[in-house]
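After this come two complexes, each holding subunit A, first together with subunit B and then together with subunit C.
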Partner chain A sequence: MMIWYLVLTESIVTSQGKIIIEIGKEVINGDIANYLNKPYHYLFYKYSSTIGSTIANFSLTLLITGLVATLLVGPITINPLNIPLILISCLLGITLHFSMMATLGIFTLWIEDSRSLDFLYQKLIFVAGGMLAPLDIFPTWFANITLILPFSYAVYAPAMLFVNFNIERFVETILIQIFWIIITSSIALILFKFLLRRVSINGG
Partner chain B sequence: MEDNIFSQIKSHASLIKAYFFINGKTVLEYKKAFILQTITMFLNDLIWIFFWWLFFTRFPLINEWTYYDLLLLWVFGTTGFGLSGLIFGNKSQISELISEGKLDYYLTLPKNVLLHALTSRMNWFAFGDLLFGLTLAVILIPIEKLPLTLLCIISSTLLFVAFGVIAGSLAFYLGKSERISKNIYNIAVGFAIYPPNVYDGITKIILFTIIPVGLIAGMPVELLKNFNLTNLIWLIVISTLFVIISIIIFYKGLKKYESGNQIYVNA
Partner chain C sequence: MHKNKETIISVKNLSKSFRLKIPSKGLKNNIHSFFFPKFSSINAVNNISFEIKKGELVGFIGPNGAGKSTTLKMLSGILFPDSGEITVSGLSPQKDRKKLAYKIGTIFGQKPQLWFHLPAIDTFELFSKIYEIDEKEYKKRVNYLIKKFEISDVVQQPVRKLSLGQRMRCEFVLALLHNPEVLFLDEPTIGLDITIKKTIRALIKKINQEEGVTVILTSHDMDDVETICNRVIVINNGEIIYDDTLEKIKEHYGDKKIIRIETNNPIVFKERKGIKILKQNTHEVEATIDTTKIDFNKITEEFLKKNSLSDVTIEEPPIEDIIEKIYKKKKKINKKLEKVTQ
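The block that comes next holds the complex of A and B.
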């Protein structure tokens, strides 16, 4: 089960690319000004323009790592009726992952360095998000802390549904994922408003 | 003839020193970014060893390796990576230099092309890794093991550079291959900072011979724990051979190099 857990966590985390660095570069270079006179919101544009390739990357990674996992440890036993529900949770996890990265990307306006934020975020996702290992193997105090943070709902929660589906856990997971998406997106949108003021003040 | 070789070595050593100071001054011009990146890298490495601490809390031994052994692994991994990034900052950019025709600049100058290309850039983030590694070394390694530690750090540094050169030299044959080169290099780095005891059989043999990632940090840890002259000789011989192989691969590939006719400013 551990191998299949890692299949899904890797698929989710590696599907999105370097959103923090991408957004950070556009913020620092001022290229973001090109998007301000368009009839769409920059962050929603960023999400919709990257979600296609994200889903493609996710599917490809899942397929290839799934084949390798099958060869190594045999196929996973999964009820086909649960697959759409698991995919919904994966999509919400990917959205939450994007939302957190977008927030940090905008934060580069103040930090002025997106690579640093990207490095730190990656490590938080690896450890507190459960990408490297299921949070259950860690000490209880640490697992409890991660369960009140959003990182585990981007990666660990969907992966646990994948290896051990349970309808109650599914409902709980998607509700908490939606909650964290709302919170992190709101923070991103608020920060973006501050960003707009800075762009205007600098004569954009 | 010997004088010529010595004067060549002296002149290239001066080049490395000059680039180190120029790059260092450039880095210090952007103090805020430099400090932030150093702190970030330090925290990055701290989070890694925190993860391993959590892991070892649950599983105290990995094939007789303890958490202390893992920390020693990170001493050599981070210090070697840090030094290689500070002095040979272009080690992971070789494929970009080749595919974008930027080697032209180095080919027109009367210095060793590979050495010049490697040392002309400094990776700022590397300082955070170096600082982290040295901090761990000061805490963990007794002073009497300093000579052996320094030797192992030099070996780790050169092996990191050699891996970078080999991965980057793929661009001579594949063209635009930055992604593949970076992935291959990152795989090597990844293997280097995992306890080699998790591998056994043929995998372990490969990691200590043909693809000597195990020599970067794993072998130095074994030497510090249980010094063995055979292992030390093995480390020195294989590391030297691997560096020589990387140089040969680069220069063989250089014969296939074609200019990209790109105009760029090198300031």
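The block that comes next holds the complex of A and C.
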């Protein structure tokens, strides 16, 4: 089960790219100017433009790592009827992952350095998000803390549905995922509105 | 200037300064400055006001860091001013950024908008969706612009494979797709060769004449401004130091004429007050004549009495020289003002 758990966590995290670094680059080199004079919101545009490639990357990673996992430990037992529900939770996890990265990316309008923020976030998603190992292997007090944070609902929660599905857990997971998406995207939108005043386009 | 036309851009007392973080040395100071950063301030735009009428072709000129691009970016809603009011097409660029986006087109010569790995036609298609252009309208418009900018051979190729000139023409098509009322061009001919520059300039003028698009252009190339614009705003250190038609600039500051004369006889022409000889040989002379110090008609009459003319050309001084003169004059005024206030 551990291998199949990692198949899904790796697929969610690696499929999305480094949004914090991307936003940081656009802020620093001034390319953000080309997005700010268009009839859309920069963050929604960013989400729309990354979600397409993320879904393609996710499917491909899932397929390849799934094949390797099948060869190594045999196929996963899964009810085909649950697959669409698991995919809904994966999509929400990917959206939450984006939303958290976008929130930190916007901070580059203030601190002008995205690498340190990306480094910190990656470590949080590896450990508190459950990308490297299920949270259940950590001491109870640590697992309990991570379970009230949003990181685990981007990665750990959908992966647990994948390896051990039950409908109560599904309903609880997607409700908490939606809750965290609303919170983190609201923070991102509010921050963007305030920090937009700090945009200074470099290089002409 | 277009006195009877309606105002499309209005700027009142616009100011913008940029904060620069003062770097600190050592780990302790760095940690302290992360939480309590110290900033220095640079005035990029300093209390400028102007109006632009519909259909005008206005050139913003000035040295690097003068505040041209910052002004343009505030007009297009990208940057927020510290103070002052801006209205573009009846909208506030900062409050109505999305609404304004449908009415303006932008080209930043140093920041391409085309997707690098996609054919230009795909970016056109994407922009037609972003700007919610009706499918039929889009096809009509894109075909018209492709023909006009002569890019039918290249629109299917990935942008990375195009020459800079081809890419810039594609950028123009992209910026004009949604029929903008105002076109902001920030150094649109940067890096282009002279032939492409000429083509681009002619196309900008044509689009302005045919579609009535108001064009605001910044450029370091004075030929751009001279060929395209009918009004010039000279900006330096964030302040407008001149705002009028090109003709009037030349009238006010172009008091030196360059004259080249060829004669059939050995030339009789001497340097004196108001006349400076640049080149001279037996049958040819090139000189500058300062019309504030000497009567131009009188000097030609005198010359014709003593010489048999074979060819003559009279040129206005290059616009670069005139702009330099404006900067120098402004500096002198500022120095005098400083002395008076001290």
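To be clear about the criterion, the second predicted complex is superposed on the first by the 199 of 204 C-alpha atoms of A that agree within 3 Å, B and C clash if a C-alpha of one lies under 4 Å from a C-alpha of the other, contacts with A are read in each partner's own complex, and residues count from 1 in each chain.
Note that contacts are C-beta pairs under 8 Å (C-beta built on N, C-alpha and C of every residue); 3 or more make two chains touch, one makes a residue touch a chain.
Just so it is clear, the structure is predicted and the values come from calculations on it, not from any experiment.
Asker: When the two structures are overlaid on chain A, which partner does A:Leu132 contact: first (subunit B), second (subunit C), both, or neither?
Answerer: The answer is first: A:Leu132 touches subunit B but not subunit C.
Asker: Going by the contact rule set out at the top, does A:Leu36 touch subunit B (first), subunit C (second), both, or neither?
Answerer: A:Leu36 contacts subunit C only, not subunit B.
Asker: Now for A:Ser116: first (subunit B), second (subunit C), both, or neither, which partner does it touch?
Answerer: The answer is first: A:Ser116 touches subunit B but not subunit C.
Asker: Between subunit B (first) and subunit C (second), which does A:Arg197 come into contact with in this model arrangement: first, second, both, or neither?
Answerer: The second partner, subunit C, only.
Asker: For A:Phe142 in the superposed arrangement: first (subunit B), second (subunit C), both or neither?
Answerer: A:Phe142 contacts subunit B only, not subunit C.
Asker: Pick one for A:Leu124: touches subunit B only (first), subunit C only (second), both, or neither.
Answerer: Only subunit B is touched by A:Leu124; subunit C is not.
Asker: Touching subunit B in one complex and subunit C in the other: list those residues of subunit A.
Answerer: Looking at subunit A, the two contact sets intersect at 111-112.
Asker: So in the complex, which bits of subunit C are touching subunit A?
Answerer: By the definition above, subunit C touches subunit A via 18, 21, 34, 69, 73, 76-80, 97-99, 101-102, 104, 106, 108-111, 113, 130-132, 186-187.
Asker: For subunit B, which residues are in contact with subunit A within the complex?
Answerer: Going by the criterion above, the answer is residues 32-33, 36-37, 39-41, 43-44, 47-48, 50-51, 54-55, 57-58, 125.
Asker: For subunit A, which residues are in contact with subunit B within the complex?
Answerer: 111-113, 115-117, 119-120, 123-124, 126-127, 132-133, 137-139, 142
Asker: Hey, which residues of subunit A end up touching subunit C in the complex?
Answerer: Residues 30-31, 33-34, 36-41, 111-112, 196-197, 199-201, 203-204.
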